[in-house]
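You will see chain A twice below: alongside chain B first, and alongside chain C after that.
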Partner chain A sequence: MRATEFSSSIPSRPVYAGLRPHGALPALMLAEGAGGEALAELAGADPSVMRRAHLFWIPAGAGPGLAARLRALGPAGYVEGPDYAALRPRFVRALADAHMGTRLYLAGDEGLIGQAMADALAAGMPLEAIDAEHRGGIARRMQCVHCKGITENVTTDPFTCAHCGLNLFVRDHYSRRIGAFQGVCVDAETPGQVPEPQEIKP
Partner chain B sequence: MTIRFNDETFRDDYSFRNSAEAIRRFPFPFDKDDYMYSVNMEPHGTGGRAGSVFEKRFDVDEHYVAEMRDRAITLAGDPLRCQSLPHMELAGWDLLELIMQCKAEDYPELFQLHRDGDRWHWINRPLGIEQRFTFLDPTTLPCGPLEYITRQAQGDFAVLDQREGNLWMDAGMVTSQADWSLDFDIGMNFFEWHAPVPKAAEMGIFQRALKFLLAVQQGAPSRRLNWTMTVNPRLDTSPENYHLWGPEKRTITPENVGAKQYLRVELQSFWRLPRSNALAFPIRCYLIALEDLVTVPKWARRLHRVIRDLPDELADYKGFAVNRQIIIDYLAQFDDGKPTSPGIFADD
Partner chain C sequence: MTSLMLRVAAAESLTPLVKRFRFEHPQGAALPLFSGGAHVVVEMPDGEVLRRNAYSLISDPQDGSGYEIAVRREDGGRGGSRFMHGRVQPGDQLRISLPLNLFALDLRARKHVLIAGGIGITPFVAQVRQLLRMQLPFELHYAARSRAEAAGLKLLPDVPQIHVHISDEGDHLDLGGILSGQPLGTHVYTCGPEGLITAVAEAGARLGWPKTVLHSEVFQAPPPGRPFAVVLARSGRTIEVGAHQSLLEALEAAGVEIDWSCRGGACGRCETQVLSCHGRIEHHDHWLSEDDRSSQSRIMPCVSRFRGETLIIDR
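Our next item is the complex of A and B:
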């Protein structure tokens, strides 16, 4: 599976340039599911990236073979977790402990990249130190502009806010600080008139 | 000069009204009979046209007390309308100083600022506030400096950090916005927070505007006017509350359009702050009902032509496409086709 190509959009919509090796600099790596392949390819292009890398891995349906391959790449540290919420305390601690010049490699779907990048930026990591590659589904992480609740894994437009129940349309406007796209009430002016949901496209 | 402050509301019963004086000094935003985006900057500061909203650096008008009451209501329901990222505290003090100093100098009968070194004494007569505090010591104010002073100043305030050749929306007080969210946009750079604006990016507007703004010097503020349309004199047209005010947009009829449809004008100004090197960006909102606006014949003719000829995308973006034809039909009766004079001011 290759990195996702997104159609062109507004300037706040993130684009993911993909992972490029930065040599044996100290690094944090975080991958989920199909993102694990991107890390394996990165290490294939330059094995030295693993020498000082702490790897955080969320299998998310990827088989044990991929986990074994990632471990075999020889990262300096390896932490596995069932999802980002569970892995987050250890990942955030690693961000806090990271020295200046540490690189961050992120690979997975937009929800994972968005949350991890928001945590990294909040921890003081500069945006230029972060490489990200989109792999996996194109579900979006959406913030309801009204109640502020986050709905994960949104695949249709419009969708129902998991918190307040409003019908929200999916904007391309994106906040790196929140790690989410903006959802806005679709029937605010004409309550009850909700368009038929459509599948989100890349 | 004395100002009689209106007892009025910007929500529920919408008792907001403009006096004859407020109509006469309204900042009509069109200097010709058509409109397209432009980097329409001009110098701001003391010495603006007498009696106009440009005369003073931070215009105080008859709506001051009621607007501050409306801001307090909005903040009580949503504290996220005022935010400041941690590195913006000093810029908040810069802004507090700028506003206090300008208000005290420009309206000495309403505001006073007494300074004894770092020990300051602020008197705000219209709001009945008297505060002694230590400049740069946040423990001596009831809230942060940005929130403190912008609860006493009309208009929204964005405070922009300047770094990496860009401007960053890193602090603000935003309760009377034309449908954008500070909570969502905080931390974004100039191009990111303007991303939803159609057409302007491909016209190079933002590149040129940013270049201009990065070069704004201390003591040499600039300004521009921006505009949109709002149904009812509502300050809080926020995305946060869109589901609450949205239905009002569909209540315009040929019978009520003159009274319920408002032209909403933003007087935006840009100020370099001395300690933080941040850029203060006040966005002052003025509202006028179409039936009041058409009492100035030049404005009636011109607004008709602008709205009639506006590209559809802009009417969509500004959110009045659904009422556009009713607005055009209403204004048409005040447009006799005669030429209009250049510039924004009413003919004397």
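Our next item is the complex of A and C:
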């Protein structure tokens, strides 16, 4: 499965340039599901990226074969967890211990990339030290601008806020700090008149 | 350019080559505050020539009672520092621009590493005061040839964050050591000779530091060169630029209105479009992009020169 190509949009819509090897620098790697393939390809392009890399792996439906392949790439550290929430304490700890010159490689869907990138930036990692590649579904992580609640895995526009129940329009406006897109009430002036939900496109 | 006539309140030698000057408002009014790394441009009326040199402020950014600068005498220079050393006395009045900061601390950083070579210590003297006041983590590495020449020793507080490296005593800057093991979110600031700035950039690249967190400032005087002529498209006039004059100074001497700020090729204010160029522009600035340089479509008159047949600029 290839990296997802998004159509062009407003400047705040993130663009994931793909993983590019930066040699044997210290590295943190985090991949989920189809993102594991991106890491395998990265190591294929330059095996030395694994020498000082700590790999965090979320299988998310990917078979045990992929996990075995990732381990066989020989990362300096390897941790597996069921989802980002479960791995997050260890990932944040690894960020706190990291030094300048450490690279971060992220591969997976936008929700994972967004949350991990927000944690990395909050830990002081420079944006330029982060490589990200979008693999997997195009569901969005949305923040309601009204109640500030996060709704995960949004695939339609508009959608219903999982916290306050408002009907929200899916904007391309993205917050790097929160790691989520912005959802704005779609029927504020005409309550109840909600456009037919459409599937979100890349 | 907004400026103030200020009175020289004190002039004191810090080392045989470096003198400190303090400027105050003639009526004792408070001066605008600034941020660490800011500089002022001092105007020096030297006979026919009006010299303008930029100097980093070394006084406390939160103290509006005066501005202080440290000037190193460059005997082989164009004359500005010799004027300051030889002619300026307490009680004199000089025109000083309001402070401008092209080398500010990036306050998003988690930690600040300051690296100074020689007289490049000056912007850091004010930054250290700001960092101490804000209680931000930092370290300063100050390299100088000898203690006698290290003017910064008399300007810096005695705090453990400051590390002095005197090469005559065998203590050289170990840039690899300084840049290794710094926590995430560290920014590096370098001021000093071009060679030091290049060395920090190379050590940073080797250790995987992104360029965006490596800041630097070189205060360069306009380099001398061969005299050349420039055609001004708007008036059709041709002006001559002398060997020890900059194009900006020649434009000013010819009465051409031109905006400027740092006069050292860093701020971009005097950027000028080149309409025709038969020859080679000697770019000395830190402002133009590689494309602008190689296409010879723009020039920074404050520091850059020209060699060749004709140069027509949009002035």
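Methods note: the second predicted complex is superposed on the first by the 202 of 202 C-alpha atoms of A that agree within 3 Å, B and C clash if a C-alpha of one lies under 4 Å from a C-alpha of the other, contacts with A are read in each partner's own complex, and residues count from 1 in each chain.
One rule holds for everything that comes next: contacts are C-beta pairs under 8 Å (C-beta built on N, C-alpha and C of every residue); 3 or more make two chains touch, one makes a residue touch a chain.
Just so it is clear, the structure is predicted and the values come from calculations on it, not from any experiment.
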*Go through the superposed model and pick first if A:22 touches only chain B, second if only chain C, both, or neither.*
second
*Which partner, chain B or chain C, is in contact with more residues of chain A?*
B
*Name the contact category of A:69: first (chain B only), second (chain C only), both, or neither.*
neither
*Have a look at where A:143 lands relative to chain B and chain C in the superposition and call it first, second, both or neither.*
first
_For A:124 in the superposed arrangement: first (chain B), second (chain C), both or neither?_
second
*Using the touch definition from the top, say if A:101 reaches chain B (first), chain C (second), both or neither.*
second
*Across the two complexes, what residues of chain A are contacted by chain B and by chain C?*
none
*In the complex of these two chains, what residues of chain C are touching chain A?*
109-110, 179-186, 207-213
*Which positions of chain B touch chain A when the two form their complex?*
80, 181, 183-188, 191-196, 201, 239-243, 246-247, 249-250, 322
*Which of the residues in chain A end up touching chain C in this complex?*
22, 25-26, 95-96, 98-103, 123-129
*Of all residues in chain A, which touch chain B in the complex?*
10-13, 143, 145-146, 148, 166, 171-173, 175-178, 182, 184-185, 188-191
